[in-house]
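Naming follows writing order (A, B, C, D and E), and every chain is counted from residue 1.
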Amino acid sequence: MSPAILLLLAFGLSLFGWLAARSRAWAFRKAAPGTRLHSLPNFHGWYVALWIGVPALLFAVLWNAISPMLITSHVMADPAASLLPGFGFERETMLAEARAVAEGRAFGVFNEEAQGLVAPYRAAITLYDSIGLVVTILVAFAGGAFAFLRLKPDFTARTRVERAVMGLLLIASLVAILTTIGIIVSLVFETVRFFGMVSPLDFLFGTHWSPDPMSSGTPDGADYGAIPLFWGTIYIGAIIAMIVAIPLGLMSAIFLTQYASNGVRKVMKPLLEILAGVPTVVYGYFAALTVAPMVRDAAQAIGISSASTESAVAAGLVMGVMIIPFVSSMADDSIAAVPQAMRDGSLAMGATTSETIRKVLIPAALPGIVAGVMLAVSRAIGETMIVVMAAGASANLTANPFESMTTVTFQIVAMLTGEGSFDHPATLSAFALGMVLFLVTLTLNFIALRVVKRYREAYE
Amino acid sequence: ATRDQVRAVGSSTVYPFAKAVAESLAKSDPSLKSPIIESTGTGAGMKLFCAGVGAQHPDIENASRRMKKSEFEDCQKNGVKDIVEIQVGLDGVAFAEAQGGPGIALTPEDVYKALAKNPYGKPNTAKTWKDVNPSLPDEPILVYGPPSTSGTRDALKELILTKGCDENAEMKALKDSDKDKHDKVCGEVRDDGAYVDAGENDNLIVQKIEANPKAIGIFGYSYLEENKGRIKGLTMKGVEPTYATISDFSYPGARPLYIYVKKAHLKAIPGLQAFVTEWSKLWGKDGALAKLGMVVAPDDVLAGSAKAVNDLPVLDGSQLK
Amino acid sequence: MTETLSDVQARRRALMDKGLARRRAADKRFRWLGFAAVAFSALMLAFLLIKMSSAGIAGFQRSEVRFDIPLAGAMQIDAKRLAQPDPMGGLELAGLEKVVESAAKNALGPEADDLVGQGAWREVATAIIEDPSLLGSTYKASLPASDDLASAQRGEGEPAMQQLARKLASEGKLVRVFDKGFLSRSDATSPQSVGIWGALKGSILTMFITLVLAFPVGVLSALYLEEYAPKNRWTEWIEISINNLAAVPSIIFGLLGLAVFLALFPHYRSAPLIGGMTLALMTMPVIVISGRNAIKAVPPSIRDAALAIGASKVQVVFNHVLPLALPGILTGTIIGMARALGETAPLLMIGMRAFVASPPSGFTAPSSVLPVQIFLWSDEIDRGFVERTSAAIVVLLVFLLLMNGLAIYLRNRFEKRW
Amino acid sequence: MNAEAIQTAVKADDKPYFDAPSKMSAKNVSVFYGEKRAIDDVSIEIPQRYVTAFIGPSGCGKSTFLRTLNRMNDTIASARVEGDILLDGEDIYKSGMDVVQLRARVGMVFQKPNPFPKSIYENIAYGPKIHGITGSKAELDEIVEQSLRRAGLWDEVKDRLNDSGTALSGGQQQRLCIARAIAVDPEVILMDEPCSALDPIATARIEELIDELRGRYAIVIVTHSMQQAARVSQRTAFFHLGKIVEYGKTSDIFTNPREERTKDYITGRYG
Amino acid sequence: MNAEAIQTAVKADDKPYFDAPSKMSAKNVSVFYGEKRAIDDVSIEIPQRYVTAFIGPSGCGKSTFLRTLNRMNDTIASARVEGDILLDGEDIYKSGMDVVQLRARVGMVFQKPNPFPKSIYENIAYGPKIHGITGSKAELDEIVEQSLRRAGLWDEVKDRLNDSGTALSGGQQQRLCIARAIAVDPEVILMDEPCSALDPIATARIEELIDELRGRYAIVIVTHSMQQAARVSQRTAFFHLGKIVEYGKTSDIFTNPREERTKDYITGRYG
């Protein structure tokens, strides 16, 4: 049975239950005019539909998981199966082939041994499919009957359905927690392995980064000092890029919400959002071939002889342009959400528009603006393409923005897609870097939440 | 469900050639689905390849270096017992500069002295090529090259730097006494800005050296071949990088490219056998791969590889490092 | 010395007037700064777009060689065979390849083999299968030039070839024409025969999965956090997780996809399903954050009004709060989806950095996506790919514009003022 | 404050009501916002079928107490209620109480008009729809018209029922909110200064409406205008600093207050 | 409406003011919202140093006209003004007019209280700060205290000047807004139903304040309460359907209206 059919079946039966329950609820009303149902007929409908759909779907999922095993063991009992090779990939392949033919997904077998299994497969599939179908329907009917029989005029269907909705909302918000756990789980093992080879102290406090993924022999902890990477990340993504993006983004948002006519705003806002969507390769080429030489020449012209073509500024500037929309869009929305009465109040005091914006609107919109900046910073930190093309890949620990620098994320990508083997500490360092980055952003967010909570201003 | 198309993973250097083989296979036998070639990097590819036998695991690993012993053991542990190793060709590491550049004549020793972090154990102070070798021009050292994670960098280290390093007898002796130290002294590249780690994108290196005639670029030979009009190869010990010189190893920058095949998949995956055979059809001197910039392996190697395609000998882990 | 009340007032008024010019200037300056910010961003965008599309236009063209192929009587095949299965095979057996080759040699000279793209005869075959009557005529072919000839026409490669290209071009035998097939083919080795459809379809499928997963989950979580969540530790952790996920670099989601999704569904490596799931996790927090801001902006008096006539919490949320917050949520969704659309790094981890020569047949078939395709092409050896890369970028931008356009339309439709 | 004027305005038909059955009753109710006690041990009986007015200076807790009567204070996280509030003898704070049903029975009109940003029609129809009061479109139209009529808004909006409710003037918006509350036929209607945004004519119409409705429902109205309290209510409770200082027949409160503080307040001497 | 009660409330000290110099004057002013005409050819003189009340039924355009007097309607994109409005003889709609200065001179208090989401202190200090009225902290403190005192809020908030202005009760919020407007010492103060959210005691205090201020400023107040108009104002304008039906001394309007419509309205017969 294809999962789609079982799914459709469950939905179909639910719909049927929904309609039936709804009309029953209407009937209560007709039978005794004037009585008020506790819940709307629709809620009765949803109640029954949930009782039909959820158990049926659960069973369908379960059945999809176990029926292939049942079918295979059924087929293995067939004499034709004795021709198969022993356990292993070939045997699996043949079974799968026979199965594909039996299900009509393939026209012929690639290995002749499988041919004999097609007929048994077909029989077994028919058998188990019908079992699955019948049980699904039974489960659906059992659930439906249970629910349907409980319907009464004063039945609290709404409360129950709402509890289900609430559960759904809770589950949705748990996805975030699960993802967080998932990330930690997918990083932790390799990180531990890495720290088995390189001391955490060398890693976290060392100031020199030049691991060689091709080297053999014992790693030298002195090559695994990640400070230059962290510094590069902060310098490029959170400092230089933000110096560009925050003023430009915020001022754009202000201009669009407060000064521009509605028509201009309607056109410009989505246009700016395109900046965030231009592929980073494009920005990368732009940064490397247009901006970086310009920056170098400008720096050399003012006497900074150490300026190289690969510079943190070039990468940061272009990155800043890329993330303007992250700041401007979120700021725009939250400034627009400040009640008109606030603005009127300030203007009526004789404040100029700019004073109103700076002193009333921006403070009131601050949580939204901060959220936008956080998004922008994270996008900048996560960016790899521009960094490698414009800022080079050498891990320098310097405050000179005209020198080449690199970031954590670029190193992660480089290590994971490079030629080094996966048991080499250099490659494993990618996981450790990821872990540190993750923990750092987690801590920052923890602090940020506390701070924002304290200073959040309520208004209406 | 089983798979009905070949899946190969691995090196980004081999990727363009594997792509061409896949395309050629799909054209010559329309009944087969075109193989999926993934460019993961050799290391990540090895991990995937060695993760096990079955439809969810790739059939072929493209490698720009030989399988490591640890990787082989990983394979064995996960039940990937029978692996066939086939050398498909060569990749050259080429030094080049912009068409109008001064045309420095390099030797491995000069390159080593210019690029090593601690040439012969002492910190590198060379600023210009003249500091390295008085006969070279008085130009600052600025070399765009591959990152430490790339195979080309590994080749640079093994084939040029270590060779230049070993010209010195003391270092040669060190190799036997303290291998780790030797590796470090001979293989480590300076990170003070003279050598610019330019990422995996070789086209970008080409563009950067084209824009800056004083800079030198190091990248795969095929990029030199494709961009002949804009950049020119630099001689190494007087030998120019060409197909012929790389192929006969007189230009010291050639490294072998391999594919590794899972024997257990040969029967199960339709087209796998044909795909491997297709390689052997295309890797010759007039083959399509040479046109794409792959350097053809010497005749004896090719003969051995052709035999391997037929006999599919199982790789013996004990010869690996 | 004491000031009288009117003295104080007069002094204050004077101070006020004195500051006026400065304040007015500050206001002008501020406005001007705002305008400059928008103008700068717009100029950047225009610059990028113009640069891309001017380079991209060349990428939508390819070099073709034109010559006549006398098909009449050249092959032993009749229209009936063409109606049977595998007509291409029939034509191959009948020696069409040789016919094309010799016609090319006749028209272009002995080096013709190097001038016509590999497998170009298949285009002739396709034309014949479509219109079998061609078999009796002379076919005016316009076939893709070989990579070498194409690059020679652009002024690159060997001088001899360039000379030949110029000669052929002056004879009208070598032309650059719009390449319709670019939008319907998939990845290939030769820049002359690549197409973008495979990656585009991959992107569409991936984005679909992303949207279908991230939008509901994001909106529901935003509703939970703003409307339902009790203010306790547990909620705080959910909040921190979401804010943090929005800040986590995308590559880490790739590692998660690799470690979790590919472990659960090992057969779907490189598939849009996995790509979409991974990107959904990345997009979801963006939707949650902007969704929460939008929900927060709905005035509490609306909630009070609905509650007071006996609407239940769920009714308040779904009948009033959600519709009012929708425009804001859509803004966040656009940003999140745009980011997902342009994302490369996490997809590398889950195998979408692959050569896939045919468009994906479904959500579970191996596939590439536009940004990865661009990334791959930008690193191709053959210089013909430079223009193709730009063309692919143009396609990505157009896709982005369409997506934005749709969302803007929806946003304006639902926008309400109160 | 002009005490005489108020006294003349007190309705003459304020017969002895103390036999009136109680619709709601509060027993020793205290309300806290976090640590702060906004209502302090208040007990009161709200009679069936009459209008009860809450008066008192700003910030004395009138709105707070009103919101406890239909549990609208549940929406304020920091608010906490102690004591019992009964509706027809049933404790509305008991666990298992369905607040939705409670609020359908105890309707509310707020101080600031808060129409939904939907059409005028939808604003009124929303309540009947969610409560399933009617299924037929015709009946719904009927309810909408009738509610708007009672709120004295029908003539002004009958031609633009599809315009947004937020496009009306402040006064019109408040009348719309009253119409919306009426549309679900509540048993008790709580009004928090419903007329503070209305002009005298609209106010008079609302006062008439209140008079018309009180025959059927219990009505509680918070007002700043002592004239209004005198005109529309039969019972008046005077709040001060979170306590009820005096509660009784409106005529008694205004003509013959027992407490000194009440007297000072209604004669305007207080503050 | 109780017409007699109103008449007794009219201030006795309403001397002949028609010689009062005019502070603002409107000449043939019409206001449009898009196509819709909300104010139709209104002319009026607003005298120096007295209180002018605007009364009229809901939606008649009182708020709209008030907002034209300090160009607050500039903030509504669809609003358009025709005719001339003069302040001290100067056209406030002339090009080159500085609205900032205008609004500092013509202050405004709104119908719905709108304190900034800042501390109480910051709410008051905002105006003096942006106008650069004072540089010293001590003087600022002085202004804040004095403004709060005049608005009758000082005693209630003096211990929590750092609390947010939005945490006050509705009545307190409105008084905060009045204090905020006073803090910049305007020449004209426009008040749009400033007391609609206040209780009688606070209202009385505001009315006293208005009385105190009128010696120095021109005050325009929109109100729904005819008693209030009668109590605080010396001039009253009766608006109806966007026009001024009658304008004159408050005592005349309430005791001896010239127009039938005015009479009907103030006696509550109108609607």
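A few comments on the model shown:
Convention: contacts are C-beta pairs under 8 Å (C-beta built on N, C-alpha and C of every residue); 3 or more make two chains touch, one makes a residue touch a chain.
Chain identities (UniProt): A = Phosphate transport system permease protein; C = Phosphate transport system permease protein PstA; D, E = Phosphate ABC transporter ATP-binding protein.
Please read these numbers as outputs of a predicted model, since none were measured by experiment.
For the pair subunit C and subunit D, chains touching both partners: A, E.
Ranking B-C and A-B by contacting C-beta pairs places A-B first. Here the chain at the heart of the shown protein, by mean C-alpha position, is A. A separation of 54 Å divides the Cα centre of subunit A from that of subunit E. Inter-chain spacing, taken between the CA centroids of subunit A and subunit D, is 49 Å. Taking each chain's centre as the mean of its C-alpha atoms, subunit A lies 18 Å from subunit C.
Computed centre separation for the pair subunit B/subunit E is 83 angstrom, with centres defined by C-alpha atoms.
Subunit E has residues 100-101, 104, 112, 130-131 in contact with two or more other chains. Those residues of subunit C in touch with two or more other chains are numbered 23-24, 27, 299-301, 312, 348, 353, 378. Multi-chain contact residues, meaning those touching two or more other chains, occur in subunit A at positions 158, 285, 339, 352, 355, 416-417, 460. Chain pairs recorded as touching, per the definition above, are A-B, A-C, A-D, A-E, B-C, C-D, C-E, D-E. Remark: subunit B residues 1-2, 4, 11-12, 40-44, 46-47, 53-55, 64-65, 68, 70-71, 74, 117, 147-151, 153-154, 157, 179-180, 183-184, 187-188, 191, 193, 195-201, 204, 207-208, 211-212, 264-265, 267-270, 321 touch subunit A in the complex. Taken together, the subunit D residues at the contact with subunit C in this complex read 70, 72, 75, 77, 100-105, 107-110, 112, 114-117, 126-127, 130-131, 164, 166, 177, 180-181, 183-184. Remark: subunit C residues 9, 12-13, 15-20, 23-24, 27 touch subunit E in the complex. Per the touch definition, subunit E reaches subunit D in the complex via residues 1-2, 5, 8-9, 55-59, 63, 111-112, 156, 169-172, 193, 196-205, 224-227, 265, 268, 270-271. By the touch rule above, subunit A contacts subunit D in their complex via residues 26, 29, 36-41, 156, 158-159.
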